[in-house]
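In the part that follows, the structures are each spelled out as structure tokens.
The two complexes that follow have chain A in common; it is paired with chain B in the first and with chain C in the second.
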Partner chain A sequence: MAAPLVLGILVAVTVRAVLYRSSLAGFISERVEVASPLNAWKRVVEGLALLDLGVSPYSGDVFHETPLIIYLFHFLIEYSELVFMITDVLTAVALYLAVQDFNKVVFKKQKLLIELDRYASDVAELIRTPMEMHYIPLKVALFYLLNPYTVMSCVAKSTCAINNTVIAFFILATIKGSTLLSAIFLSIATYQSLYPLTLFAPALLYLLQRQFIPVKLKSKDFWLYTTQYAALYLCSLVVIVCLSFFLLNSWDFIPSVYGFILSVPDLTPNIGLFWYFFAEMFEHFSLFFVCVFQINVFFYTIPLAVKLKEHPIFFLFIQLAIISIFKSYPTVGDVALYMAFLPLWSHLYRFLRNIFILSCVLIVCSLLFPVLWHLWIYAGSANSNFYYAITLTFNVGQILLISDYFYAFLRREYYLTHGLYLTRKDGTEAMLVLK
Partner chain B sequence: MAWAVAAVLGLLLLLGSPGGCGGSPGPPRDSLREELLLSPLPSGDIAATFQFRARWDSELHREGVSHYRLFPKALGQLISKYLVRELHLSLTQGFWRTRTWGQPYLQAPAGAELWVWFQDSVTDVDKAWKELSNILSGIFCASLNFIDSTNTVTPTASFKPLGLANVTDHHLLRYAVLPREIVCTENLTPWKKLLPCSSKAGLAVLLKAERLFHTSYHSQAVHIRPICRDASCLSVSWELRQTLTVVFDTFSIGQGKRDWSLFKMFSRTVTEACPLASESKIYVDISSKTQENELLEVTPPPLSVHEASVQGDRRTYAVYDLLSPLLFNVSRSLNVQLKWKRPQDSLDLSTPVLHAQRYVSGYGLQTGEISTLIYNTHPYRAFPVILLETVPWYLRLYVHTLVITTKGKENKPSYIHYQPAQDRRRPHLLEMLIQLPANSVTKITIQFERALLKWTEYTPDPNHGFYVSPSVLSALVPSVLAMKAEDAEKSPLFTSLFPSADGSSYFVRLYTEPLLVNLPTPDFSMPYNVICLTCTVVAVCYGSFYNLLTRTFHVEEPSRGGLAKRLANIIRKVRGVPPL
Partner chain C sequence: GQNAMFLFHSISPYPSLLPLSFHHHSEFHWFCFHCQDQAEQFFRSGHTNNWAVLVCTSRFWFNYRHVANTLSVYRSVKRLGIPDSHIVLMLADDMACNPRNPKPATVFSHKNMELNVYGDDVEVDYRSYEVTVENFLRVLTGRIPPSTPRSKRLLSDDRSNILIYMTGHGGNGFLKFQDSEEITNVELADAFEQMWQKRRYNELLFIIDTCQGASMYERFYSPNIMALASSQVGEDSLSHQPDLGIGVHLMDRYTFYVLEFLEEIHPASQTNMNDLFQVCPRSLCVSTPGHRTDLFQRDPQNVLITDFFGSVRKVEITTETVALDPNLVGLETRVPNDEMATEPLKYAEQLPVAQIIHQKPKQKDWHPPGGFILGLWALIIMVFFKTYGIKHMKYIF
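Let's look at the complex of A and B:
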């Protein structure tokens, strides 16, 4: 299995290298879908230039990266292209190893449930076999590496790639069962962009499952483990934040990074929903709606944790998707990360209802983004509404895609426990509805 | 006993009398000088510069002053209340074309410009600045109340005090420009009211709005600064200069002819000097490039001729002293007329040593580039220039794209001060000290990104564009001939605008053009629609997830059929057809 992966990596690196040397590199790095005010490479260079001039990069409103990025690129700025290619490769390898391990866990659990006779009798078609699961890790890695979104993100040198790498390592550490590493990588991911905080719940659920600790609110073990994990996470977060303080000897980075993410002052267009909404918002309600939109990202965690506590990795996937759709400055690099997980759920294909139309919507919207941007900004023959409409359609497409996968997952679970060929009381074929 | 009482009484009388101990010298002296300078420009136009200088030997900050004579009370109270050390306000319409008109005496940027040095005893400079700009807005009927933190900067190297200064902590300086400000009669009237003779006597009778605003360039300014009272400089006087510069265009006013007269320009003539003025003069620039014959014939013939070295050039001026009784001997009114003796050839055009140009390049509404070209036409001397750029926050400058090239090679500035902008709080400030080699063009380029603003932050005409205030170039230009420092009181006012350090160079402050930049606009008719549509998308997600999280799968129970099915079955039974 390593050989096809290495081949895939080589192809991906070649594609990126070719694009770096072509004239498309400049065009791609200017694209607002790929580079947002939070992770554009131009702003990293600007921040380092300000540091050279003796001005704090956080004194203006151009640089919104964490001090970790300053530390990293202060020495590596000459090799930036290499750094981004390596981060992409690392993400792919981490996802490959994580999914490989996860497949083993899934197969073991399935065997256990079959032996315990939990499944209905006629669900043989739905049982997953090692044969079909053999190529999934490779598919996941290639889905990430060769996804046009990822390639564009890498060529634009958007630091979203670094965020993706940290999250991938966090997933790998969680699936391997290492509490400490999982907490550390999660704290780095939260430190980089606030939203991975919500991934605490699925990681905790998975680790509890791995330790065979049942999730019962009265159980002492449960609380012990939870506090242990939370303490590790919070302590590493505090350590990283304090280390950042010592870079420039000021806490300026906190309002500049986290204040910026939460209060959304910069209305540069991107593929998300925030920019036009706040460009057209009445001043009076601005604070209210900022709070509503930010809470929207975080509040699906608890209900999903209740519903999906037996399936934490699927929960992780849904949570990642919600973060990518509803974060304040999304880019296609974030979309690429959760899309890399889709091969993991390829066994749900028969239950997906709208997959064809949704994939058409997503592809057409991706193609229309640069067209309508050009018409608005350069040709002047369209206005901002055109680009906004495509943003809305793209987000609706993503939302329906995620809910379609969720529906398919829940349906498969129902069939597994109740049997595939359902009959009504009078013997005719049954219809399944959500009530 | 009686002699003791008498002695005490005498002592009391001595102490009580107002001229008793110490002896206050009486009300402070003030003097007014007024002056008009007519300078024909190489392109055939004519520039008229009025200067009214009121000098008051009083220390406004220390003594409680209540008796104002020549110094206007409005400004005097302003200075003492806000502890102002220097104040410079200018309102300008038009742009001084340095390349066709030559170097200006005192250039001002298009729009309104205000810069103030406060005393070091001021505790909250920003608060004083805000109140000061609001009060000036009321005094001059200009919308200076739009000066706030988004267009105010604190320069570190430019705008050093023009008057006496012992403390130069640049945190006491504030500078703001409003490039969109329009100057009109409404601003001229309160400016004229500050003059002691108003517009009733002296040179101010020429200031009629209908003629003054029919010009290519109109700039009125107020400069207040402390100066030395005398040569020993032990005490401080306050100087208020009100200057007004207009340039009459040869084609629209002159009807194509280059002959000018006071009547043709102002539709008025001068009949008397201001009775309150200690000096009232009209200077006409009659200097010529060649010494043999003069270019200009001035009538009535001037009583005296004054030679001065101004901006590195030796110039000759015809002087009309309105206070001298000989002037109004022949006629009651003075109408100075200028006639060109021979056709002017364009060789008379002398390129100014330092001039600059600025423009925006790039296409589309996403990015752009600001380029400034600075020309040093001095044949052999290089000199440094300080460039001050204030760019509003919504044009995000990228200082790593700053490139300065001279003659194809990179030119590194010896001093850079860059203060990045904060969104909606303060603008970008870029100050650089650049060395200009002799006979060269220096190009400074910096790239920017245009921001999308909230819909309420656009002006009512958003597609007009947004103004970027002119950049300021300050330099000590080396002069060809050595100028000796003349006594400020005896030399004409136009030579003593800027304090000169030594005779080998003169100070010049130039402004470039303001820029007009378009920003991408949202659709202003759509706030409700946008809110509804975006909330709908969020609700789609919420609804789908709510359904999937709270509902479970059930096998559908057969129902007896809906109403439509039952009705259809009834009809079928009537027809005799089997039911559904």
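Let's look at the complex of A and C:
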């Protein structure tokens, strides 16, 4: 399986290299859908230039990256294109290895459940075979590498690619079962952008599963392991934050990075939901609504944890998707990361209800983004409502996509345990409805 | 004495239309008295050239009448002698070639299609989307990019009489441009003040035909401006009859009656501004036209219509010699001593280039502190060995 992956990597690298040399590179790096105030490349360059002039890059509203990015690009700024291509490749390879391992785990668990006779008798067609799962890691890697969103994000040199790499390594570490590495990568991911904090829950659930510790609130083992993981995570987070202090000898970066993410002062349009609301909100209410919007991201973790505690990786996928929809400055790079996981759930295809409409909505919206931007900003015939309509539709499409997959997953689980052909008490065929 | 001063000014380097007989700096003697009267009249208005800026600010087919208004004034002004090179015509939409026009290539100003004001020698300088507040103000103040062609410039000087006619949709204190922006009376007043300070006009006649048009001239504060408006604040300017063949209103009432008035003027008319103020009384116009003359230095009684609407070249051929004021000789000798003995002024260097290019570049490159690098890599190595075991150490060292 290495050869097709290498081929895929070569193709992806070629595509990116070609685009870097073409005139599209400048156009793409200016697009608001790809570069947000948090991860735009020109802000990185600006911050490093300010540093060369002896000014702290966090003074003013230009630079919102963490000090680790400063350190990384201080030495690598001339090779920035190579760096971004390598990060994409690393992400793809990490996802590949992670999914390979995960498939083994899934298959083992399925075998165990079949032997334990937990499945109903007529669900033979729902059982997954190694043959169909053979190409999934490759598909995941290729989905990430060749996704137009990823390519655009890479060509624009948005540091979202680096965030994705860290999250991919975190996923790899989690699936391999290493507590320390998983905690460290999660803390780096949280340090970079605040929202991966919510990935703590699915990672914990997966690691508990791997250690065969059942999730019972009264169990001592459970609490011991949870505290161990949480302690590792928090300690590494504290260590990284303190280390960043020593880079510039100031705590300036905390309000500039985390204050900026949480209070959303910059209302440049992007593909998210925050900008339009806050552009027309009265000052009086903005604090309240900022809190509401931010809570919205973290809010789904606990209910999903309760519902999906047997399936932590699916939970991880849903959580990643929720982060990239509801975060304060989303870009298409974030969307690309969770879309890379879709081949993992390709066996749910028969239960997906709206997949055609949703894929059409997503494709059409992606194509309409630059059109309506042009109409609004350059031609003056449209206004922000038009662009926000497309943003809304895009996000609604994404939300419906996730809820469709969620529904399909739960339906399959139900069929597995209750049989494929459900009958009511009087023998007629029953319909399964998600309430 | 005053008349001779005017004469002296007129000979100095301004593009003037004075006849040849006054070009020589020789002595003239005023011998006849009625020639003196004529000469006085010669210098009465003090302008030597005429300009017109005619602006129609609305687009869309149902605003046909605004374009027709502007084109009627254009037609009158051209007929009375102002050439196209001295007219800046701004039309926000093309009615003659509009697909909804049942009579293409025509713009009628009178019901029953009696008068086609479009003709075949109309030169539109600013057309369609070029008619914006910014372009209008740039034309007035002269702050135009160097690449603008001459036909789009208002190349007036301090001896120019300018007629500015604006029509469109307006309100209390503003005039709407193109359905998307507006110019306020304050902006307009400031633009005229800029023109005054840059000596871009001698006298200005401002006519506006919009709803509540009088609000647009309320804020003027520069001298030598006379303003007319079709309605007072709080009143709407109404349109004249619609034409059932074309399907829209063809003209606004005020401009319709002004056009009727102007049709009777010919280049030699002695009609003055007071007659123009009487055009379109309330019985005909429904709104009350207003005017403002407090900033104007001459009595409107003495201001001829052709001072603004026509380009009357004042040529008086006379065979009699005219005696000039003897004070003129003293004036000539006084001029060479005018140079003041002040110290020469030097341009202050804004950017001391000589200093900059000769100093060595002070590159303060930033380096991450050693402690940080050490700490970071120590952590990374620690994590690496914790994960993969100490046994790898012996392979590295």
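We adopt the following convention: the second predicted complex is superposed on the first by the 434 of 435 C-alpha atoms of A that agree within 3 Å, B and C clash if a C-alpha of one lies under 4 Å from a C-alpha of the other, contacts with A are read in each partner's own complex, and residues count from 1 in each chain.
Just so we're on the same page, a residue touches a chain if its C-beta (ideal position, glycine included) is under 8 Å from a C-beta of that chain, and two chains touch if they have at least 3 such contacts.
Note that the coordinates shown come from a computational prediction; the quantities given were computed from them, not determined experimentally.
Q: Sharing chain A, do chain B and chain C clash or fit in the superposition?
A: clash
Q: Is A:125 in contact with chain B, with chain C, with both, or with neither (first, second, both, neither)?
A: A:125 sits against neither chain B nor chain C.
Q: Quick one: name whichever of chain B and chain C touches more residues of chain A.
A: B
Q: Just to be sure I read the superposition right, which of the two partners does A:30 touch: chain B = first, chain C = second, or both, or neither?
A: Touch partner of A:30: chain B, not chain C.
Q: Thinking of the overlay built on chain A, is A:51 touched by chain B (first), by chain C (second), by both, or by neither?
A: The second partner, chain C, only.
Q: Touching A:117 in the superposition: chain B (first), chain C (second), both, neither?
A: The answer is neither, since A:117 touches no partner chain.
Q: Output check: A:78 vs chain B and chain C. Expected answer is one of first, second, both, neither. What do you get?
A: neither
Q: Based on the superposed arrangement, let me know which partner A:239 touches: chain B (first), chain C (second), both, or neither?
A: second
Q: Considering only touches as defined above, state whether A:180 meets chain B (first), chain C (second), both or neither.
A: A:180: touches chain C, not chain B.
Q: Where does A:247 make contact in the superposed view: on chain B (first), on chain C (second), on both, or on neither?
A: second
Q: Which one of 131-139, 167-175, 311-319 or 347-355 is the stretch of chain C that crashes into chain B?
A: With chain A aligned, chain C clashes with chain B through residues 347-355.
Q: Enumerate the residues of chain A that count as touching chain B in its complex and touching chain C in the other.
A: Dual-contact residues (chain A): 53, 380.
Q: Considering the complex alone, what residue numbers of chain C touch chain A?
A: Where chain C meets chain A, its residues are 180, 363-369, 371-373, 375-376, 379, 383, 386-387.
Q: Quick one: which bits of chain A touch chain B in the complex? Just the residue numbers, please.
A: Per the stated touch rule, the residues are 30, 42, 45-46, 48-50, 53, 55, 59-62, 265-269, 273, 275-283, 293, 296, 300, 303-304, 306-307, 322, 325-326, 376-378, 380, 383-385, 388, 392, 395-396, 399-400, 403, 406-407, 410-411, 414, 422, 424, 426, 428, 430-435.
Q: Spell out the residues on chain A that touch chain C in their complex, using ranges where they run on.
A: 51-54, 70-71, 74, 178, 180-181, 184, 239, 243, 246-247, 249, 380
Q: For chain B, which residues count as touching chain A in their complex?
A: Chain B reaches chain A through residues 363-367, 393, 396, 398-400, 416, 418-424, 428, 451-456, 520-523, 526-527, 530-531, 533-534, 537-538, 540-542, 544-545, 547-549, 551-558.
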